[in-house]
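The first chain written gets the first letter, and so on, giving A, B, C, D, E and F; residue counts start at 1 in each chain.
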Amino acid sequence: MTTLHTLNQAPSNVNLMQSCVGSLQPDDTLLLIEDGVYWLLNTHRAKLPAALKIKALRLDAQARGLTPLVSEVDLIEMDEFINLSVLHNKIVSWF
Amino acid sequence: MNSPKNILLMSRRAPYGSSAARDLLDIALTCSVFEQNVALLLLDDGVLQLLANQDPQVIQQKNLNSLQSSLSLYDIEKIYIDADALEHHGLSHSELHIPVTLLTKIEISQLIANSDIVLTV
Amino acid sequence: MIFTVVVHASPCQNAAPESALRYCKALLSAGHTLHRVFFYRDGVFNGNQLISSPPDELNIMRAWQELAEEHSIDLVICIAAAIRRGVLDATEATRYERDQTNLAEKFNLSGLGQLVEACILSDRVITFGGQG
Amino acid sequence: MIFTVVVHASPCQNAAPESALRYCKALLSAGHTLHRVFFYRDGVFNGNQLISSPPDELNIMRAWQELAEEHSIDLVICIAAAIRRGVLDATEATRYERDQTNLAEKFNLSGLGQLVEACILSDRVITFGGQG
Amino acid sequence: MNSPKNILLMSRRAPYGSSAARDLLDIALTCSVFEQNVALLLLDDGVLQLLANQDPQVIQQKNLNSLQSSLSLYDIEKIYIDADALEHHGLSHSELHIPVTLLTKIEISQLIANSDIVLTV
Amino acid sequence: MTTLHTLNQAPSNVNLMQSCVGSLQPDDTLLLIEDGVYWLLNTHRAKLPAALKIKALRLDAQARGLTPLVSEVDLIEMDEFINLSVLHNKIVSWF
């Protein structure tokens, strides 16, 4: 069974991300929402496992001024959030 | 009648600073009333919820230790904690007031994978 | 698919309720079923009828009401959390001897059992929360 | 000395309001003056008259009222924060066309200026807050 | 009439995830109306409040960038940020949309020491 | 001018403590309150500067079951919290 993990806290909450990343299985996806989108900044993203499937909500990234600073391919719309919710067997929220 | 689901209740918050620890127990007891298979998973500061010798009357709060002790009466026996978190706080099994199962990070990821529903508090 | 959305955080101080609202709208647009929105912990403040946002800001309480109206969504507020925080309907106001109420229409007070029942009946359950 | 205490967090979900209350009592016991308690952000929920705690739990709204009664303390709730969150007195309920109110007695709605004025007039200002 | 106090407003929260950034600005403007010497200090995730190109209309929030730009109209010129925090996020001065003064940890401790009142948001 | 710093978050909030400790001057005092009292646990306390003046509220430590695990001399009563507030020139709250 695969899991969609959401995480909504900014990078100063290092322990939250560590617990989240430690709980992931290979086929899981991590979706960054709200202040979690700051983890897309290169310096933070570099600390996460390279194999990790990471996405972030475009709305939240755009609101925070991140779109010029992050990779376009990582950003998804709300309908894709729903798709991911369906494609994985469950959702775990990290906050 | 649906067959029982495996519901995992997860918390990484210390007790008393917020109501998370208590709210977690309220959900756990309700899951038990509905005859679901419920398990508790405590990570990070959440392992501090189980420290013995709590005396929250001095800050006018209810004692979580007593509530936690009653979990077994509701057939809630699956109480898992992150072994790394316990070590991170410099604590050992013997400083907790109820029996728990220590899990590695890999075991935690498997526990989550094998649950039907995960609720965070 | 059948979804349940759980909200733990108060509006204004926290982005979680607005994320939850957008999520609900998106899942409905995709043709899925929203079995229930369950408000727990400080999330109960989403159903405070007295919320009065400036005209140029989103009033989340009204937005939930409109969602419920349009799609017949079950908006359930945890009764124990609500009473402690002072979100009362007429019945609870009488019980606690208050002469005012503040639970918004379309929201209902009920027990944590409604959360667990929703977990049993839903294919997906997602929680929107914050620190605290 | 003259103290002002600032509270940013909602009760129930957060220990900060109860810490603030104990701090106020301790400074008054020590013979100091409490110029004002200022409730900001989710702290405005401390003045929700509808809070109804079980008999064996502290009702923080009542505890603030008793403190104000005994020591003539000025309990000020930030009006902008309160309106957004739905903590209304009669004047604001009329302005926003609501037929109910929920601001507890002894609390007053006023502007952020009351916080800054308190900073100017007090020897010590302490904030009790939480995450969020 | 009291002489103006040095009031330091401090925040370590990212914008939009909570109302902290906006509440900080509201207090700052009020301090200015009362003719106090107000300074802003942004630490940790707080430096993210000043990122350029914010577009929060998409999440139905007010744009903090415009509010921040108006600070100078209220003679609020002392905007300090933790240089380490900026570096921690991999950002530089040029990615912020208003002029700020970068401080070292020692300068931050001196700024706090020289303030009359410190308010955290 | 000296400062009394209060901190009320548990040890997973590492960044909060780092910012706080970095902002201290030699004559400042750090008072741990609410969930901040867990920083008294040996393993966490060992990470803080040895010269730092640290106190913690007894009520909050006792509530959380910490009194058997921490050093008695670090614990203070509410009246001492007020004394410290008076003895320092200002109070900074970390939360």
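Going forward, a residue touches a chain if its C-beta (ideal position, glycine included) is under 8 Å from a C-beta of that chain, and two chains touch if they have at least 3 such contacts.
According to UniProt, the chain labels map to these proteins: A, F = Sulfurtransferase complex subunit TusB; B, E = Sulfurtransferase complex subunit TusC; C, D = Sulfurtransferase complex subunit TusD.
Values in this document were obtained by computation on a predicted structure and should not be read as measured data.
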Touching both subunit B and subunit E we find A, C, D, F
The chain whose C-alpha centroid lies farthest from that of subunit E is chain B
Residue numbers at the subunit C-subunit D contact, same meaning over half shared and different meaning under half, come out as same
Chain centres computed over CA atoms; the one at greatest distance from subunit F is chain C
Taking each chain's centre as the mean of its CA atoms, subunit E sits from subunit F at a distance in Å of 26
Cα centre of subunit B to Cα centre of subunit F, whole Å, reads 27
Subunit B and subunit D have mean C-alpha positions lying a whole-number Å distance apart equal to 33
Contacts with two or more other chains occur in subunit F at residues 8-9, 12, 15-16, 34-35, 59-60, 90-91, 93, 95
So subunit B residues touching two or more other chains come to 12, 16-19, 44, 59, 117, 120
Subunit D residues touching 2+ other chains are 8, 12-15, 22, 41, 57, 81, 125, 127, 129-132
Contact graph of the chains (line, ring, star, complete, other): other
Listed by label, touching pairs are A-B, A-C, A-E, A-F, B-C, B-D, B-F, C-D, C-E, D-E, D-F, E-F
The answer for subunit F against subunit D in the complex is residues 6, 8-9, 33-35, 59-60, 78-79, 81-83, 85-86, 90-91, 93, 95
Subunit F contacts subunit E in the complex at 1-3, 15-16, 19, 22-25, 90-95
Per the touch rule above, subunit A residues touching subunit F in the complex are 12-16
As the complex stands, subunit B meets subunit F at residues 12-18, 44-45, 48, 51-59, 61, 65, 88-91, 95
Listed in rising order, subunit A residues that touch subunit E in their complex are 8-12, 34-35, 38, 41-44, 59-60, 62-69
